[in-house]
Every structure is written in C-alpha cells, then in structure tokens.
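Sharing a structure here in structure tokens format.
Order of writing sets the chain letters: A, B and C. Residues in each chain are counted from 1.
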Amino acid sequence: MKSHRKELWFDTKKRFEFVNITAHVKKALAESGIQEGLCLVNPMHITASVFINDAESGLLHDYETWLEEHIPHDPDRYEHNRTGETNGDAHIKRQVMGREVMLAVTKGQLDFGPWEQIFYGEFDGRRKKRVLVKIIGE
Amino acid sequence: MKSHRKELWFDTKKRFEFVNITAHVKKALAESGIQEGLCLVNPMHITASVFINDAESGLLHDYETWLEEHIPHDPDRYEHNRTGETNGDAHIKRQVMGREVMLAVTKGQLDFGPWEQIFYGEFDGRRKKRVLVKIIGE
Amino acid sequence: MKSHRKELWFDTKKRFEFVNITAHVKKALAESGIQEGLCLVNPMHITASVFINDAESGLLHDYETWLEEHIPHDPDRYEHNRTGETNGDAHIKRQVMGREVMLAVTKGQLDFGPWEQIFYGEFDGRRKKRVLVKIIGE
C-alpha cells in the first residue's frame, strides 16, 4: 500500500469565497503515483468546506445567496460570537455544505463524472488556511 | 490490496425520486471478494445524492417536503438557471443531503447498524445517470 | 494492509446532545498500530451524526438553535411519525449535519488542523447507540 499527503494553502481576499481546486488535487494524485485507491480532501479548519459541484458562476452565487438567507452572517445572532469571534455563521455554513469529499482513484485518474469539480468553500477568509489531500492505494 | 469498481445506472421517472440501492451495493461488494476495507458510493452527477437513512416511505416524503420548503424548485429563483437550466434547486438540494457515503467492510459484509439503508437521491431525474461504487481492501 | 474495527457506545441523558469523542477515536487509532491510512467514524444509527467542528459550548448551542429553528422537533409535523415514532425531525437533522467523517492518518496520528474535534451528535437519545470506527492502512 502506498500513501501520499499534500497540503494546499489558500488566503482568500474575501470573507466568503469559492475556489476551484480540481487542478491542485489532480496534481497531488499524479505526484503520488497511485493507480487504484481512495483520495480524501478536507479543510484543516472548521469554518471552511471542500465540496464537489459544477464550475458555473451562477450556481456559486446561488449557494452564497441560499446560505446567507438561511444562515445570516449577522455577528449578533450567535452565542459563539460571545467569545470575541464574528464567525458563528461560518461554522454552521460549513456544516451544511459538508466538510470533506472522498474520491475514487481509477487507472491513475480521479474517477469523475462529466461535471464534477472540487471546490474549496471559504466562509471566514482573509487569512491563511490549509486543505489536506491524503491518497492511499497502489 | 484489492480494488473493485462498479457503475450503477438509473433513469428515474420523476424529477425528484429516492431509490433504495442497498442490494446493488451488497452485490458489488460480493463480486469484489473484499473482506476488510472501505467502500465509497457516490453519484457521478452534481444534482443527485447518495445517503444512508431509513427505508420508510413517510420519512422519504418528509425529506421531499422539507427540501421543497427550504429549497423550492421555482426555476425563476436561481442565477444558475440563466444558463438555460431549470435545476438550480437540485444542485443545492444535493449539497444539503450530501454527495457520498463511506461504508466500512467487515468480514465481507457492509458493516451496518440495524436500520441503515443506502439511497440514491435524484433531484433532477428523467434521464440516465450513474452511481459509482469503489471498494478497496483485502 | 491492516484494518481495525471498534464500536463506541453512548447512552445520552437528553434527546438532543453533543458528545466530544476525539479521545475515543485517538485511542482506537493507537490500538490499531496503523501509521498511514484512512479512518472512518460513523454512527450505526440513522438519527445521529458524527461531525468535526470546534469544542466551544456557544457554538454547540448555536447548532442546536439553528437546527430547531429549521427542523423543529414538533412530532405532529412529520409523516414518519405516523408509524408511532416521534423522531421524524431527528432523521432530517442528521442528514443536514452529515452522517460520517473520514480522517487522514499520518505518522500514527489523526492528521488534524489546530481546532478539529470529533463530535457525536445525538438527535433522538436516551437509549443505547453505537458509533463505528474503522481504520485501514499500514
């Protein structure tokens, strides 16, 4: 069994931002030399998500609109913010969008359908954060 | 290390539909001959989910009601639909219900509690779509 | 390839409760002797979640408030409860919070960022339930 680990670093300009990281994950897989296995991609932080969906700007806008409607940023709203934070909403947004994705690796490639793209979803950005890629297989 | 890959195909009659796929995944596991490992099940499309819950018709109805209440189909509502699509809601529904499930494989069986059943959740059906099963282990 | 399986048992005092299970999962990993691999943690029940977030009491309170606001317990509200159950809400809450987490194992440790903690989220407690830990690797 082989394993490969890589960290991807991000420092978004906005508090709320989506970044397409598919090319970075493909590069990590190529570096691993793994042909058959599983690949985990997760943020190492608790106010961000990694998720798979369509690279279409209208859709990314819809995600932001829906999340703000149902989980408003409003810092006065959350108990968590009594600790001095202003990111209570970001912890809930990340939970609803999900933490991690698992990807099948087949014949040395990410085993994807036609429209699957991997996104880093940042809900409390403007600071350096990491995404972990861990691949195991043969 | 062994690995096994299988595609399951679905073509639902309705736009919104839940399909119990537990037997299909068990069959794929039996074909793999894997005794100890992990099994990934994910749609290869971005308007569908694979999730685990109870095979109870009232509950499936409750999921549909809750999702429609919080993420209405209404095609005029979503930026994504300006591309000519009508499935903006389906991309959000899939995100809230989750993309994939990971299952433990123990002694050649899906390592399940008493009520766990695997569902394909289709939110933009009436066309052919695939689910990927990827199992690794020994 | 090595694999390790462990069940963790819980019997919460309240219907809705969060339990930090990080130490239990670390112990299971230490027992496994696995240095590089993947670790799956999932409830074996369908009205509970395993998720990763911050061990901060205000935040856990915010999760409860948000979930009750958007998915009220109200037993009369759900079709599922016509079966005699009162936990229709718990099945939906678990879906929104997610079922399972996948963790990278690196150098014999959970490969975590600074604030990641593993929680058992119980939405229909006051009875014995299990969480499954399955680790594969080398």
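Everything below uses one rule, namely that a residue touches a chain if its C-beta (ideal position, glycine included) is under 8 Å from a C-beta of that chain, and two chains touch if they have at least 3 such contacts.
In this text the structure is predicted, and so the values were computed from the model without any measurement.
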| item | value |
| --- | --- |
| Same or different residue numbers at the chain B/chain C copy interface, by half rule | different |
| Superposing rotation of chain A relative to chain B, computed on C-alpha atoms, to nearest 5° | 120 |
| Whole-Å separation of chain centres (CA-atom averages), chain B against chain C | 20 |
| Where chain C touches two or more other chains at once, by residue number | 1, 38, 70, 96, 98, 102, 136 |
| Of all residues in chain C, those that touch chain B in their complex | 1, 3, 5, 38, 40, 42-46, 70-71, 78-83, 88, 91-92, 94-96, 98-100, 102, 130, 132, 134, 136 |
| Touch list for chain A against partner chain B, complex | 1, 36-38, 51-54, 56-59, 61-63, 65-66, 70, 96-98, 101-102, 104, 106, 111-116, 136-138 |
